[in-house]
Every structure is written in structure tokens, then in C-alpha cells.
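Report on the structure given below.
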């Protein structure tokens, strides 16, 4: 049951999604006006109607809904990429994670959702404007107890120890390597996201100085398909590149 | 600290990985003989030596280690694909999951690691030989409390209710749709893995009969790179196809 | 030396390309006004200037210039795909080709350029508006002696015999198979372009009735790269799908 | 009609291909012994039988047959890549081409087949063993009048002038750029094949010194499909990388 002040998802007849709060307020849509107070006490799966009679399905938000609807900063790592961090490092409940930079907090939220309730994500960010947006997004996703934004330059040090996973989405990841080495527990993983090949070339030079193992650099491509009777085909256009992901493991 | 009878990972000087038990037994490798009793009481990051003096690093296993080292049945879904289920459905701690068929249990273990300790995965399997292997692998991964193998044909019904996620890796996923619809909670997701396009074509015909939303069919491709000074390039060969993933959400 | 009435390519300082005729006429561009009469008698590589002094390089057009600048009809086969026909069939000077449908003539021109001067391309087209545009484009590319548009439905028959290559870009290629079989010489190739997988599924059923060999279905993907100092990466977006190409050879 | 001493293609009942000479000799296959003298005077499409009665279809070879059956040196450029040179440069009958290094001659033969009979391909090669194999392959393909192997280091100069296309498949293409600039006619194209990204990074630095336009770097991926009733899917494995192709045009 959705309580007053809680978030809810509304899905209209076209499949369009709205992230709203159950409160005494109206929502204006091109399918008519909704009274959001009707959400208070509603069960997921309930249907409410706009003043013109169009139906909206009520759902409880999941992390994918928050990630789609939150305010984005100019970052390009997508869920398809974040998901590969799960595939290669096995990050899960209880893990301790250090992330930098926070940006809009998307990766920190994605990881925070996986390590909760006992794990922790500390996300380093030097820009105050990014840090604020990240904190708002983390609060929106209900993860403020799990994910913390730290206003600190990760090039100047990592305070955390015995960390299971460090994720870096930075222009010069090689500058943080010594601190990553100190922060990770044995067997812990580092995941680096790099849009350009030069980042990786510099990173590998620096990686030779540390005892990491299992160096893997990958690129994850996701193609979407249009499946229609008699006309099934890949979509004409796709996101062809967000970035490369490099994984190493501390030994 | 690793206790007697617990699992440990050993990594030799080439980066080769061994999944072993801390017990009073010898392990023969091409880098010499190891006394596994030395693991009892060792801390992750410790080093032990073979009788010829080669060094092995001791680590605690993570789920990726179990998935790599467990006994596999002829299945083709890879971690890259399982990870996209996280990206598209946000599966995480506390979720209730139904999976079919279990096969070697790889996907059930991957998901069990993410929903623990309070979530549950029930994995349907009709073949007794597969069910046994899956149960052994689940036990090896330490997830017997979270992941259960159910010896039942999912084409004949799903017993669970209020489920967050159903995953199907079956020849005829369309035959399970009515039961999936009954098992999922509103807002819950279905993820279907299909090696061949005909499975998807049949599935979409059947999907029209149910109130699902957000139909997405994707293919996830992962390219590996060789990063060497002066010679950086994608690997010559790659796994070009495992299967298509179709996602829908119940409303 | 470019003669009066011949086509020329102009390239401005940004690399933008213009396909023009050497004639007593002005060309207005956002880099100023050009007197196209200056092209008469010019050598490729010459430079002419607009009235505001901006420089344009004069070149003789190649087939790639005509293909880029000609009037396009709604077709989606791209040069990357046409090129695979060369890779798989070895089409070259002297070959006899049948093509359907002509569309804007792009593929017919691409092939005509390869089989000239002694080869022939006959391109079937039932729509008069398409046939006219195709003929204009063929004339523009200077290939009217090599490439002919035939106003006939290829589903009703192919008149040519001893053909080296048939190319089909049609909704129902399987309906032309019997005629293709009659038209091809032994060892000749058929290339079919199909945007949707259902076309291919139907085609393969029908192909079983004929003595073709070497069935191959492929998809050609071309990724572009941005190469800049310190920032080399694949382009963010790409054309992910135009169509599938199926090749068989008559025996 | 095939004459004595000419090449022919035989295709057995499985689709396997043999490149043979019409001569008074026996060919031993696992489908029995064939008398190749039967080929003399045969028409393409004729059938001959082995001593155990298995049927072989007789065809005239096309360039794709020679390329598949010739002796290969360790080179990795594939027809899919060579074909993109056609797509981007429009190379065709009558063109003058300079190529380096020859390797086994595969690219030179591919291009020679397209520019014949009036065009020319000069292929530079410093290694005598490669040059000999290339010449044998060129002779096999019947292109000795069109394609010449030049035993010269292209890093030391290009003798040809007014060239339409230069193709470089060399470790240090940037060292040949000044000579390429001198050899190309205005509007002519350079195509460079590079397995590693570092080659391209160095090439672009050097390209800034010349007046080339239309810089494009691409990667061509070809996926094969298995099309079977009820089981249509991309092949499990593919060649994921041969090399990058860079195109520029002289102005």
C-alpha cells in the first residue's frame, strides 16, 4: 500500500511512465488531469482515471524507474555498462564500494541498490553542483542510508579501507591507482570506465606498477530489436559507443 | 580468516585460478604440490608456496569465482546476458524470483547472490540430472538458503505469487505466459532468453493476450580488447551470439 | 581537362562537396558566389575562388560522388552493403547483371561502375516514378550505356540469360527465384537484400527447391571512429541495421 | 567451354570446392578419383563423376574462387575489408592503383579484378618470399597483365604518378605519406589498413601535414547467420576484428 508522501509510478495507456509523489496535488498530462491524492492508500496494480477518463496504472517504483526519471548530468555510462560491473565483479549485498566521480549519482545509485541494506557506497565528487544533484537523486531513490557523496578529490586519496569494489569514471584514472591499491581488500575489484582509448593506454602503463591480476578491457554493445508480425529486425540506429570498461583484481 | 572446510581461491603466478577447500589434503598443480591445510586460519591476501617454491595468493571466493569454476551443463547464457537482467529490471536485495529451467543453476546462483539474504529464487527444473547438478552448484556457492530447485514443469504452473521477476530460458517460453502473469506482482518483470529468433516471434504473438508493457528485445555483445604498448586492438575472435533477451513488465 | 557541359566536384575549405556542371552559370554558396564557367578547361586539382575570395578545389567526379549527391528514393541499402556483394560474388568488368527493383538506381549505378564498359546491368522497376528517377541518376553518373532500367515486374519473369549476378531488393524475393534460376549461368550468384528476418525465413524455404549452393546470410556493420589527439573513440551513434544479405550460387 | 590447361572449379555433393586444371591427370578425393581430362571441352554447369559414381559440378572460376583457394601468407585483411575500399573510393575499371605490401597478393588481386583490363595495380613488396607467392597467385588468377609486383620498399618512394588509389597495409603507413601525396592525382584516394589503434593515432598526426580531405576511419564487422526452419540465429562465433580502415582523399 502506498502511503502519503511516498513515490509511485504511473503508466498511461501508451506505456509512458510518470514518477510522482502520493500527495494532495494535481498532475496535468496530455491524457488529462490526475488527482495524486488518489494514490494514498492505493495498492500497486490499482488504476486511477484522469478527469477525461483515461486510465493510469499505479506501481511502486523500482531502481530502474528512479534511474530513468532522475535528473541527469552530462555523463554517458549507461545501465548496460553498469550491469557489466556486476557480471565481472559479482558486486552484491553487503559489499563496500568506492565510486568516483559521482556525477549525477547514477552509478552510485545502481550499485547502492545492489549492496543494500548492509553494504555501503561512498561516491567521491569535487564539483559542488554535481554533488548536490547526486545527493538529491540518491534521496529520491531512497538510498541515503546506503550511498554517501564525499566532497573530495579522489586523486588526493581514498579514506576507505577493505573495499570490495572501486569504480572510476574519471579523465585520469591512472592518477588514483595508488589509492585504489591501498583501499581494496585482497580479491577486491577495480572497474574503470573510459570513453577514449587513450585513457586505457595510459592506465595500462600505470597498472604495471601494481600487483593486480585478471586484466580485462571490454566494450558492451546492446542492440534493440523491433519485433512485429512479418517485420522483425534490429533497430535502425543504436548507441554505438559509450565507453570501454577495464577490470582488474587485487591480489 | 578462512576456517577449516571453507572454500578459498588460489591464484598462481600466471593468474590461473583454483577453487579449493581448506582441508587436510594435498593439491597437485603443474607449479608443484600444495598443502591445503595451510589455508586454515589464513587471511585473504596471504601467500602460500608449493613444494617447489612457487607462490599462490589466497583469496575468499566471490560469486564470479563460483560461476566460473562450477560444473556447467549445456547452456549458453553468459554473465554478460544475466547482467542485462539487472540493467533492465533492477533486481536486487529482497526480491522474489522464479527461474526456469534451472540447467546447471548458473542464472539462479547469479540472481540468488543479488537478492540475498532476504530474497528468494525458486528455479524450476524437470530433468533430475540437471536438478542435482544445480543443487550441488548452489550449495558450492553457499546459497542453499536463498535458491531452491523445484522439480516441476513450469509449463504446468507456477506456485509462487507476488513475484518481482520471472526469468525463462526455455524452448517454448510462450507456454508459461499465463502462469507468469499470475505469479508476477504488478510492476514485476519477465525476462526471456531465446537463442533463436523464432522463439521471440512466437512469444510476441502470445504476449498480445496479456497486459504487459514496455516490451523490449535486445542482444548484448561484449568485445574484449588486447591492450599492449603499441598494439592495442579488439580481440580477433568473439562470442557473436548467445541469445536474445526480451523484457516485459506486468501492469 | 574538364570540358563544357561535363560534371565536376567542388570541395570548399570545410571539406563540403558540390556536384556541378561546367557551364556559363553562377553557383551561390554560403562561402560566396562562384562562376562555373571557370571550370571549363580547368584541370582536376585546380582552385577557383568565390567573389569573397574563398577557395574551392576542382575535381573530376568518381562514382562515390554521384552516389552521394544523386536524388535518393526511400531505400536503405548502403554502399557498405553493396560492397559486400563484391566481396562475396567477385562481380567485376564484363559481368552481366540483373537487378530488381531499381529504386533510385543506387545499386544499379554501383554495379554498373564495376562491370563497365563491356558488362551490362538491367534493373527491373514497376513504379514509373522510381524508374524515371533511376534513369536520371544513371545519366548523371554517365552510365546510360551500361545500365538500363526495364519497366517490368520481375515477379513475372526475367528476360536475360547467362547472367553472372542477380541482385534482389524486394519484399518477396522468393517469388522471383524460379526466374533467377533460369537467368543465371552455372556458377552465377544471387544476392538478396532483406531488411526483415521474415523475408529470409521465407526465402530459405523456397531455396530448397533449387540447386543452389553456398548459402550464406550475413549482416554488415560499419562503425565510424573519431580520431583526435588524446580522444580516439568510436562514434557515439551508428546505423545499426540496414538489412541482411543472402548469397547463393547456381550449380 | 573449358580448354586444356585452363582452370576449373569442381563442387562436390557437400558443396566443397576444388580449384583444378583441365589436364590429363587424376584427382584423388574422399568422394573417389576423378579424371581431370574430362574437363577439357566441358561447359560450365556440366557434371562429371568419380570412379565410385559421386557427382561433381564443373564451373569456371571467378575471382572469389581464386582468393579462397590461393596460397595465403600471414595477413589478416579479409574480402569484407577490401570491399569497403570499393564502397569508400569507388575503385573500378581503368583505375591506376598502388598497393603495399603485397603479402600474398590477395588485395592486389581483388583490386586487379576490378580495374581490368585497362587499369593497373602495382604492388610493392620488400620480402622476396612474399613477392614470389604473390606473383604465383596473380598468375593463378589470370591477372599477370594487370597486377605487377614491384620489389621495392615503399618507405623509400613511389615511382607511379597520377594514381587513383593507394592502399597501404604496413606497420608504419605514416612513413609513406609524402610519397603517396606525390603519387595520387587530385581527387585520388588513400586507404590504410591498420590492425592496431596506435597505427591510426600516428597516422593522423602525420596526415595533418598534407592537404587531404574527408578523413574517415571505420571498422567493418560481418556477422554470419544460421537460417534453419525454427532455428534462425547469428552464428555463435565471429571474426571480431581484422583491422581498421582509414580513408582520405587528396585535394
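Going in written order, the chains are labelled A, B, C and D, and every chain counts its residues from 1.
Just so it is clear, a contact is a pair of C-beta atoms (placed from the backbone, for glycine too) under 8 Å apart; a residue touches a chain by one contact, two chains touch by 3 or more.
Small disclaimer: the values here were computed from a predicted structure and weren't measured.
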| item | value |
| --- | --- |
| Shared interface numbering between chain D and chain B [over half = same, under half = different] | same |
| Equivalent-chain rotation between chain D and chain C, CA atoms, steps of 5 degrees | 180 |
| Rounded Å distance between chain C and chain D, as computed from the means of their C-alpha atoms | 21 |
| Mean-CA-position distance for chain D and chain A (Å) | 47 |
| Euclidean distance of C-alpha centroids - chain B vs chain D, Å | 44 |
| Multi-chain contact residues (two or more partners), chain D | 197-198, 223, 232, 234 |
| Chain A - residues contacting chain B, complex | 9, 11, 15, 43-45, 57-60, 62-65, 67, 79-80, 82-84, 86-90, 92-93, 113-117, 185-187, 197, 200-201, 204-205, 213-225, 227-229, 232, 234, 244, 246, 251 |
| Of chain D, residues touching chain B in the complex | 76, 195-198, 223, 230-243 |
